[in-house]
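Shared between the two complexes below is chain A, which has chain B as its partner in the first and chain C in the second.
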Partner chain A sequence: MRQEYHPLAWLAWATAAAAIALMTLNPLYLTLLALAVLANYRVISLRSPTARQWGAFLKAGLLIWAITIPFNALMSHHGRYVLFRLPANWPLVGGAITLEAIAYGFARGLSLVLLLMIFATFNSAVDTARLLRRMPAFLYLAGMITSIALAFVPQMISALQEIREAQRVRGHRFRTIRDLLPLIMPLLTTGLERAIQLAESMEARGFGGSAASISRSLNYILKGMTLAGLLALLAGMFARSYWSRQAWIGILLSAGGLLLMTAAFWVQGRRVRRSRYRHELWLSRDTLMVACGAAAAAGILIARALNRAALFYYPYPPYSVWPAFDWRLGLLYALFMAPAWLLPPARAAQPKQLPLPR
Partner chain B sequence: MIHFRRVSYWYPESQEPVLRDVSLDIEEGEFVLVIGPSGSGKSTLLRCINGMIPHFYGGTFAGTVRVAGLDPVELGPKGMAHLVGFVLQDPEAQFVVDTVEDELAFAMENQGLSITLMRKRIEEVLDQLSIAHLRHRRISSLSGGEKQHVAIASVLTLQPKVLVLDEPTSQLDPQAAEEVLTVLQKLNEDLGLTILLSEHRLERVAQYADRILWVPAPGQPPALGAPAEILAQVDLTPPLITLAKVLKWQPLPLTIKQARPFARRAGLVREPSLQDEETLLRRRPANSAPQDSLAVDMRDVWYTYPGTDQPALRGIHLQVAEGEFVALMGRNGSGKSTLLKHLIGLLQPQRGQVLVAGHDTRRHSVEELARWVGYVPQNPGALLFQDTLRQELEFTLRNHGLAPRDDSALIRALGLEPHLERYPRDLSVGERQRAALAAILVVEPQVILLDEPTRGLDYPQKRSLAGFLKGQKAQGRTIIMSTHDVELVAECADRVVILGEGEVIVDGPARKVMTSSMIFSSQVNKLLRDDRFLTVEDVLAGMPPAEVTP
Partner chain C sequence: MRQAGWMNTLIILAASAVGVAAFLYPFFTLSPDQQMAGLAARAHANDAPLVLIILVVFCLGAILANLGSGEMNSKMVAVLGVLVAMNAVLRAIPGPGGFSAVFFLPILCGYAYGGVFGFLLGALSLLVSALMGGGVGPWLPYQMFTAGWVGLASAWIPDLRRFGRLESIVLAVWGAVLGMVFGAIMNIWFWPFVMPPAGDSTMYWSAGLGMRETLKRYAVFYVATSLWWDLGRAGGNALLILLFGPAVLKVLRRFQARFRFHITPAVEHAGAEPD
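Presenting the complex of A and B:
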């Protein structure tokens, strides 16, 4: 599977786009950004085998949006532009239906859909498992575990289906939570049995084999460090919520914990002697794509720093329901379309393999 | 290449050794077939070769093992990885990543090989196993046979000298299994790879093997020798070899080709004519049974899985009378499982009608239908979850609102008396299969549906399953099973229905259908081409007693 862009380029693009999407509620800018992201999604989904799943995910997002708008209009009755009135004696929904309320629902919903779209585009474009395996050496083990877990999910879903059928043909009816036991128990044992086989198969292929051996005492020290780090991190989180006055105690604890854990992982990672098969090439268009995303994000941030109100939008009085628009800012939002622009014309996606009934 | 000297091994917390004083020598480039009943210690023996035993499983180990001069007990599986490739039974559970190419790279990444070397080896292995077309595919989208090809490829990238495979084909259908075995034979011939393969399907591999290692039971000394010599000692063998042993054909023939001259000399071979095949196909399926005694009545059933374009069933007409034993055959994806699921209501026809014991499946829930129809799914592991087998049976009865009843006859018929209080998941494959049967059949359904009941079973287990099913039929039950196992069909079924692309291609009496078919016929039938003879028993029954001395 050839990837159109380097995964790290996609990561940079998605981070920039998501950060920018969170900074405004201005429906014009949001729409512009949404169109740019949609263009990328369209281009990518033609080439990605996983895009189909994300299509359904996006549809769910659109549905939520479609519900948000009337919901907000019925619940919020502020505003100058009254479209019509519902009888005041209707509970909750009674009163003025205003343009402001509709605009607010539209903008809120759009910003949510936009985030989903960025997420879907990123996931269709990048093989997550492969990205995880690109973890720096000291996080290698964590990345490996996560990628195995991801590969396990589709297997477990099909096992679940099989078990559900098997229990139904025994006359079992799933009505209450307790009835789930015959579903969960075989699933757990099946998962465990498979995990043991997988461990065997990995070990037989030399997994973790060429790590330089370490002394027993260093091993204990490393384990102790990891544990202490984890505890400090948790204690820090608790401390922050309990003594909000002295926030620095919590922050210090958390930071210390993170540092300890990173150090332990780093020492362990140094022992792993292994090579990587995948080396995605960083092409000039990757640089261009990242440059476009970075330029757009930087430009928008600068505009905001110069004029605090540049991105501000709030439809209810005393502010205006009509969003402001600056064409220079608009151009910057449109720059997020770069990935779709820079690609050569798409080939048609290969027909998806149909699952055969077993 | 591989040398065992007085090797003994005890699993943790076990008093009796699985291996006791095992000594054996395997030369470089040999193809050794490892046979023996389930649970006899085949897997244990194979796992000593790469150090998985004792490193992964613990326990007590005695004696010495040497593989190409190295000591697996000292080095462990990681240290042996470059020398011994190990492939496991379950094609579902041995993959680390989701893309074929990355999976092939995994072992090499662990050894820290350079990218250029990895590229070269991956190209070579893809061509060696002829799976270049799979390289970009996701592993979850592959068939079982393709997965096993990838599993073999993923250990070959390290260019091991020894390849060890633990029942790699037991979860595959015959065609896929045959492809995997052909690949192994090619690797052995072309690369001189030493191969140890444990396998139940002797009829497929016996002729490729240089020697056979027979592991009779835990703690018993294994025997290593030429195929014909070992097979002459073993009691449960493929029908062809059983027949040859009974008729005292020497030297023992391992293939149809080798056996035919003997059969011809004995005057047993018959030449079927084209007419036989034509008459079979012209004859309409038996429709004479009166409507009220039909166990199953499918009328013009169509079904398409959601999200697919091709119908999985296209206008199926199938009528099964009470007390019939029908075998559904056909390649993978031909609609066998889909058809069975219609008979229990798990799937409902999009067009047409399905009546089971007179009940329309659209008017009843699966849970209600399960009172009359027992459906045994392919994987017994999906079913069993209680602490003991007895609780499993009570669970099914309770689901149907029935009081605990005397089920000792069923338990005895399945040979499960010793296991009633055991944890079902600890049972062997064959016992698990029977436990699942008991858990379904305890409500005494009139119709029994079986989906691939012999998957993963060895000869004795198949034999006992066949005996049990014949007993159920004798009690008047209707049985419909989907299977690839021609020998089981030859032994039990009255009628064979062959599906292709969701349609009924052939429907007729088992003897007629099997005799006129090239693939769907039993070994004995392939040898003799006579519709009177499907099994060894048929041949012996038709012979004057003087010639037979079992």
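Presenting the complex of A and C:
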């Protein structure tokens, strides 16, 4: 499948957008971001075969949103702006129905739908096999297991069908759950047999030859570093929550732990050498897209660092139900529309091109 | 080899502890002196999910990176790959309520092949099925962690093969327990964020509650929303293990003998090359 952007560019975009989406409840900013994401999703779904299944998922998200608003309005009776009152003797729902409760339900539901939309766009736009090829080097074994599994899934499904047909031919009928046993056992056995064949062919092709090249002592040092990093992280989290007045102790400990782990990952990744059969193009529009996402995220983070209340929204008193809006921040949110802007217009039904190995 | 195995176990435990802390964050984060839930505290509560997702991803990375480097050989990799594929297919089988066959293999493999294998099988199955179905999102690391724990915890059951029928009954009960625990844990990660609180609600999290009150509210929330769903999952696990457990275990053990042989080169580090 010909793809419009590099998978890593999409990953960067989705991470930035999700991080920014999780950071505010302000309905105006959320709406802006949602519109920007929606523009991308519309453009992508014209070109992606997998977008359709996400359509149903998104509809479910919208339904949840539609339920959230009245639910919150009926359950929460706080606020200054009372729209109307239900009889007080009705259980749970009785009392004032307030604008604040509706606004809160709206914002919460919107942030959930927004998150779904971001990842709907991401999943529709990115080919998983290409994403998997980008697994960081220190995780190469996990990546390898995952690719083996992804390659075996279609085989499993066809094996399942074959076994089913074979059992039917022999007169086996699948009526209750108990009748599934003659289906599961051959599947498991043939699967494990195939695994043995695969292991043999992997060894024949030299798998594991380089894994021995790490010396035993370095292995211990790396493991020890990871372990120390994890423990520092844990200690930092506890310090952060129990001595919240000296927050910096916890943050420092956690950051040190993360650094230590990153260093171990880096050394582990460095000894893995990978060759690429298919080089992927990183186009200038990939750079532009990532730059837009990064600029927007950085700008919003800086705005929040300068003024802690810039993104803050909480409709109930003592805060205001009316969201604040700064047009400069609004522009930054709109920047997430970049992928849709930068694409050339879709040509209808273009013939499939096979990517050529270079 | 022994020590490397011990260190792997320690790493998995430490990473799990961070994961548990990240999951349980809403229960202990706001200590009394933070209770004057001012602007800053609330604003902090808003970016908690983001920080926690990053931490969980790091811990998963630590586990996956280190389990690989020790005793993984081609046979382990191949068998894991195949079983993960099988499990991802099993997950797609629909069922009533929260029923899902995704835990059947991790529980049995964790029991038969050890906790590390079970952890990897559970965690990677969810990764693969998310990649297949296009379900990659911020919920994925949490799911992977929790499913990994299901496999890990199944290794805590001692080898019961002498007791015949009892083995599958014990495993079925354990599978039901794990199914419930999985649901309870998976709810926690979004519970404080989905629909927190306004004043007098008795089901939702709000900043600055005491531990006891938080637990009480969570219990109400759990019973009201996801208990029935989780009962379906737990019952499904138990039923599958009771019906198919003994036969599957037999196959797994037969293959274990075939996978166990190990070829060691005559000269240690013969292929070592300076980087």
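Simple rule for what comes next: the second predicted complex is superposed on the first by the 209 of 358 C-alpha atoms of A that agree within 3 Å, B and C clash if a C-alpha of one lies under 4 Å from a C-alpha of the other, contacts with A are read in each partner's own complex, and residues count from 1 in each chain.
Methods note: a residue touches a chain if its C-beta (ideal position, glycine included) is under 8 Å from a C-beta of that chain, and two chains touch if they have at least 3 such contacts.
Since we're looking at a predicted model, the values are computed, not measured.
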By residue count, is chain A touched more by chain B or by chain C? C
First, second, both or neither for A:19, with chain B first and chain C second: second
After lining up the shared chain so the two structures overlap, which partner does A:312 touch, if you call chain B first and chain C second: first, second, both or neither? second
Per the contact definition in the header, classify A:4: touching chain B only (first), chain C only (second), both, or neither. neither
Between chain B (first) and chain C (second), which does A:181 come into contact with in this model arrangement: first, second, both, or neither? both
Just checking: does A:202 make contact with chain B only, chain C only, both, or neither of them? Give me first, second, both or neither. both
Once chain A of both complexes is superposed, is A:286 in touch with chain B (first), chain C (second), both, or neither? neither
On the A-aligned overlay, A:189 touches which partner chain: chain B = first, chain C = second, or both, or neither? both
Pick one for A:54: touches chain B only (first), chain C only (second), both, or neither. second
Which residues would you name on chain A as touching chain B in one complex and chain C in the other? 144, 147-148, 150-151, 155, 181, 185, 189, 194-195, 198-200, 202-203, 207-210
Per the touch rule above, chain A residues touching chain C in the complex are 18-19, 22-25, 50, 53-54, 68, 71-72, 75-78, 100-101, 104-105, 108, 112, 115-116, 119, 122-124, 128, 131-132, 138-142, 144-153, 155-157, 160, 177-178, 180-181, 184-185, 187-189, 191-192, 194-196, 198-200, 202-203, 207-215, 219-220, 222-224, 226-227, 229-231, 233-234, 237-238, 241-242, 244-245, 258, 261, 264-265, 268, 270-271, 308-309, 311-312, 314, 316
Touching residues on chain C, where the partner in the complex is chain A: 3-4, 7-8, 10-11, 14-15, 17-18, 21-22, 28-31, 33-34, 39-40, 42-43, 46-47, 49-50, 55, 58-59, 61-62, 64-70, 72-75, 77-86, 88-89, 120, 124-125, 127-128, 131-138, 194-195, 197-201, 239, 243-244, 247-248, 251, 255, 258-259, 265, 269-273, 275
Contact set on chain A toward chain B in their complex: 1, 49, 127, 129-130, 133, 144, 147-148, 150-151, 154-155, 159, 162-163, 165-173, 181-182, 185-186, 189-190, 193-195, 197-210, 273-279, 353-358
Can you check the complex and tell me which residues of chain B touch chain A? 50, 52, 55-56, 77-79, 81-82, 84-86, 88, 90, 92-99, 101-102, 105-115, 118, 122, 136-141, 143, 151, 154-155, 158, 305, 307-310, 312, 332-333, 335, 337-338, 341, 344, 346, 366-367, 370-371, 374-375, 377-379, 381-385, 395-396, 399-400, 425, 439-440, 443
